[in-house]
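You will see two complexes here that share subunit A, one where it goes with subunit B and one where it goes with subunit C.
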Partner chain A sequence: MLTNKLRNLFLSAVCVLASAAVATAAPTIKVGALFAVTGPASFLGEPERNSAQMVVNQINAAGGIRRQKVELIVMDTQGDATKAVQAATRLIKEGVVAIIGPSTTGDTMAVIPLVERAKVPLISCSAGAKITEPVKPWVFKTAQNDYLAVTKIYEHLVKHKLTKVALLTVSDSFGSSGREQLKALAGRYGITLVADDTYGPKDTDMTPQLTKIRGLHAQALICWGTNPGPAIIARNARQLGLSIPLFMSHGVSSKKFIDLAGSASEGIILPSGRVLVADLLPKNDKQKKALLAFVKEYQKNFKAEGDHFGGHAWDAMMLLKGAIERGGASRPAIRAQLEKTRNFAGIGGIFNYSPTDHSGLTKDAFVLVKVKGGDWTLVK
Partner chain B sequence: MSEQLLQYLLSGLSTGAIYSLIGIGFAIIYNSTGIINFAQGEFFMLGGMSTYYFLSVAHLPLPVAMLLAVLLTTAVGVLFERLAIRPLRNASPLILVIITIGGSILIRGIAMLIWGKDTHSIPMFTGNEPLTIGGATILPQHLWIFGITLLIIIINRFYFYNTVSGKAMRACSHNRRAASLVGIDVKRMVLFAFAISSAMGSVAGIISAPLTMTSYDVGIMLGLKGFCAAIIGGMSSGIATVFGGLLLGVLEAFGAGLISSGYKDAIAFIILLLILFIRPQGLFKKAETERV
Partner chain C sequence: MGTERNVLLKYLLFSAAVLVAPIFFSGGYLLNVLVFVGINTMLALALNLLLGYAGQISLGQAAFFGLGSYISGVATANYGMNPWTALVLAAVVVGVIAFTIGFPILKLKGHYLAMSTLGFGIIIYILFNETIDLTGGPSGLSGIPYFSVGEFQFDSDLKNYFLIWGFALLMILFSVNLVNSRIGRALRAIHDSEVAARVMGVNARLLKVQIFALSAVFSSIAGSLYAHTMTFISPASFGFNFSVELLTMVVIGGLGTVYGSFLGAALLTLLPEFLRTLQDYDIVFYGLLLVLMTMFMPGGLVRIPSLVLPFLAKFKVRRQGNA
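Right, the complex of A and B next:
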């Protein structure tokens, strides 16, 4: 009898305690993420998913934002706009306070009408300038605009008096967006484009295009693409003995490019986010602390080098964290606070959002790096 | 200008040699079974990717890695025939073709899960200092590609014309029923066909990987190009398909160099359509009259 009574007492005590615990634990903050984890753009989506999850784990380990845990709901868009729209619809129905991603410009453009209608803040991780130009109230982005990278290359060319330039761009959305910007900005820097060639994303031999370019006496070659194309071009250029300086885009700014191109990558210059050369940066660089933390943490969690693609998601998640810390976890408050973000030193650069600028970065988000001795070095 | 043309020609021939090897693989299976094996490109991928794996992860020397890669791919080809094609021998060719497409997606998916989505490169067989030939440049690896392709074609020819099992396979390709009536084990010949095709596909994948690099999805496009080569060659498992592949590679190179590189793939597929419309028996074969 007595033991029964005791047991009942004990059980009811447990129940009371448990319900009290439930009452004090605040509901979790649901954050949606759209990344192209599989498919052709997985080189973007995978590090992005990893980085976002890493930040969320850190936040939760430190007790959450305003004592609320964060739950990240990741959906795979496979780099397919239709799937991105379906996934975004589901996330909005789940009641997420904001969405980070998608990884590609195509996916982002497809989900913009949706988030604008539902009034959900979106922090895109893709580069296309048209995402935030014109400014859309609920849409922000963290990836540097293509034209900032182009500007960086053109300034270098002008400084070294290389004005006859050949273009070789990949015929996918990344390449054609780069090609557009390269052509649009050439005039402003007094650069003449003597060739404007393309190659397919699955092409395995670009010697014909390079042979043609060799015959045109260009002073420099700019190639815009993502791995493995540019690595094949670097090797083909070496094979043909093409002696003009070779410039690549930030699409290949990772160690992988040097691995693939091997010794043919020597001397190649490209614009890159600072993450690639984090340890080479001067001590007074505002981003250095964040960069080193990101690189170290990524290495620890995933046994791989953190690249600037993962950095876009890191930035998005940190910007979101800042906004929620300042204004709370409601959709309109997040939007309003994001717009007020000033001098946030992230991985992609120093962000200054404003009602007229939702991309937040300047050309200083890029540095020029050069391959030397099988590693990256800073170009002064 | 002539230097440029020579460069286009050499680039085209080396790409074309790879198309030829894949194309012959298509033709051998077609001739013994009457189906188009769309998993052919995946054998090409397996060759390159497993060489990379044996070389960089298992740290074996290059020749051993290549040999193991060919064996592994052949084993996959044989298994594929055993598990997916043989149980359905009475199915219509259309169903079998669809099964090969399914098989190719499966193989690609497994490769992606095992080896990841990254592109990998394997070292050149011998050095990477370019050689100059009349103003054009090629790499030693191109010589390997030409040499190995030639060797395979010669072995192929010898096998089909000078050995009993090769002759039996040719008999199957002419008339399966008649071949089985004279005591040829047709099922076994089909298995042989898959083994030979997958081995050839993997060799193509291995010899081109140092130049073009490899990843789990390289087989799709190259499989289609090899298919074009086989169609131009009229599905012959001999020299006509080799010419088909070389022709395709050279036209692509000249198209990319002289017209616009945007049309490179279009050129291949326009040729494919033209051949299918105008000369479905292939460029080099006389039209056959159907006897009723």
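Right, the complex of A and C next:
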């Protein structure tokens, strides 16, 4: 009886010591991730989680960063600010060196006070311009600012002398942020907004708004939303015989949109990250190599098309990897090195962070694409 | 007399447990979750007074919670008001709104009452989303200050824990007194039979509106506390889903019991944290647990002692018999 007990004690002591020894030999780098894997923003969170995990697996298969393995701790925010704050608190207490995500601007704004106070680098995957304007020392982002997309569309409109424009935006955070930028930048390009209508994220028929717009002699219609709203608008516009050119946002830049809108998507132009047209890019494009690798890996791992949402997480994880390689895995070092990132060719664009710019991208991060024959083509 | 002493003893024990809890959780992330348990306890309690005691359903509780949050948030972030003043302002405004809409709404019963409170909740939700200049719209309102007293700021989980549970304990004390008073008995009478209550001389119509307003004021205070501890709010937290979640807390915890509100709030807030280890399947277990609990514990978590104690007593008797 007693000897048995003693032996058990001895064995467990050995186990504890052994595991402690292993732990000291190769301490892992803990990286936190906050993604809206479930809930209404899961179309962002799921590819982001997949992409981040994919990068981490690649890093570990190649022996880790500076011979240290990376451990990714993913927390689901469900797109809810309260849950995001709880999850971020937990990640910080668990001693992560940095956090990537959250997926939505709302979640990001909610966790910013926390990470700023705890001094933990955060690389957000959401688009809202106010995340990095004004610059916060510990907060970076990889998703392109909305106004870069707006700029791209407006330049195209001016070039084709289409200056009377109607807006139709969705009343959620993506749409309201887009609407704000569309209105703010119109004056600079000499564009008159003849209509400024909105629709609800769950609306199933936008004929009333489009009928009104038809009577206004607009020369172009810009719609800002994420699936499925814009596809419904494309169909409704086709049914009404609305003949003016239709522009969409980068919120629908995936094959899914063409599937949903069917033949009504023909001729629609929208700004998109390069990932959508990776194989159409010229050979000298700096991002081409990274893009093709991402698309191929994603296809191999998840049997689905890698989109630019996943790309935001891929970029965040790669930027973090670069920073740790250069300066080591401590929170202040990562922050300092992230800020020194120059000419990193990722999925979303070519990143140049600086002490005054934590979003790092220019309007060249976007290309204009047009639907032709049921697929995307580059607009020259 | 004896029961009154029991009520007091129960309250003191509960308060003591709340006060010492941080010793076990300080430094961990769970303390942060316990702060939210405190907020949800207030909200569940508010709904329980209305639904559990007076028998009037509301599917718009998230709207009162949101109104409290947004009035507090907008007044402090946009107009530089003191957070404490904003809390009182929000509570008064929400109280007046609830009292005003209470008269027509509470004439309705059952499904119709549920529908109209649901409608109210949706209207307020749309209001938060569309008044972008004021509320920041769907992407939220940031820059809300913490509570502070002089130089002392409630900026850590520990400080906020005591602040929020201080309010929660006061609300529980108030509710315990209320339900054990003449008014509490009148409420239960309305719950069982409104006609009978009116025959007995209870002013049912006024009392229902009053308890509706009280419930709204409690929710508003919880909302202000939420806004000033989060320092950021967005409309997504105050949607229909949250109203349903509150309803679930009350039903799971135990209808018509003050401490049941706490148990329901604690379970529904903490459970997702413990289920995180199950990764993607957590939501399945979460749903399953709720279904099982409503099937086998219709009285709520608060009835567990009354299910377990007789069993234990029997066990004890048997053992004594053996000896």
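Structural remarks
Heads up, the rule we're going with is that the second predicted complex is superposed on the first by the 357 of 380 C-alpha atoms of A that agree within 3 Å, B and C clash if a C-alpha of one lies under 4 Å from a C-alpha of the other, contacts with A are read in each partner's own complex, and residues count from 1 in each chain.
By definition in this document, a residue touches a chain if its C-beta (ideal position, glycine included) is under 8 Å from a C-beta of that chain, and two chains touch if they have at least 3 such contacts.
Since this is a predicted model, take the numbers as computed values, not measurements.
After superposition onto subunit A, partners subunit B and subunit C are found to sit side by side with no clash. Touch criterion not met for A:Gly63: it reaches neither subunit B nor subunit C. When the two complexes are overlaid on their common chain A, residue A:Pro332 makes contact with neither subunit B nor subunit C.
Look at A:Thr105: by the touch rule set out above, it reaches subunit C but stays clear of subunit B. After overlaying the two complexes on the shared chain, residue contacts for A:Ala81 are found with subunit C alone; subunit B is out of touch.
Contact with both subunit B and subunit C is seen for A:Ser171 once the two complexes are overlaid on the shared chain. Of the two partner chains, subunit C is the only one touched by A:Pro113; subunit B is not. Within the superposed three-chain model, A:Thr89 lies in touch with subunit C and out of touch with subunit B [touch as defined at top].
Taking the Cα centre of subunit A as vertex, the centres of subunit B and subunit C in the superposed model span 50°, given to the nearest 10. In the superposed pair of complexes, A:Gly187 makes contact with neither subunit B nor subunit C. Shortest separation of subunit B and subunit C in the overlay equals 6 Å (C-alpha atoms, whole Å). Taken together, the two complexes place residues 38, 171 of subunit A in contact with subunit B and also with subunit C. Chain contact summary for the complex, subunit A toward subunit B: residues 38, 42-43, 46, 171, 197-200, 202-209, 211-212, 214-215, 227-228, 231-232, 235, 238-241, 256, 259-260, 262-263. Interface residues of subunit B facing subunit A in the complex, by the touch rule stated above, are 1, 4, 7-8, 11-12, 14-15, 117-121, 128, 130, 137-139, 208, 211-213, 215, 218, 220-222, 253-254, 256-258, 260-262, 264-265. Contact residues on subunit A toward subunit C in their complex (touch as defined above): 37-38, 75-76, 79-83, 85-86, 89-90, 92-94, 105-106, 109-110, 112-113, 117, 128, 130, 171-173, 175-177, 180. By the touch criterion given at the top, residues 27-29, 32-33, 36, 129-130, 132, 137-140, 142, 155, 157, 230-234, 236-237, 272-273, 276, 280, 283 of subunit C touch subunit A in their complex.
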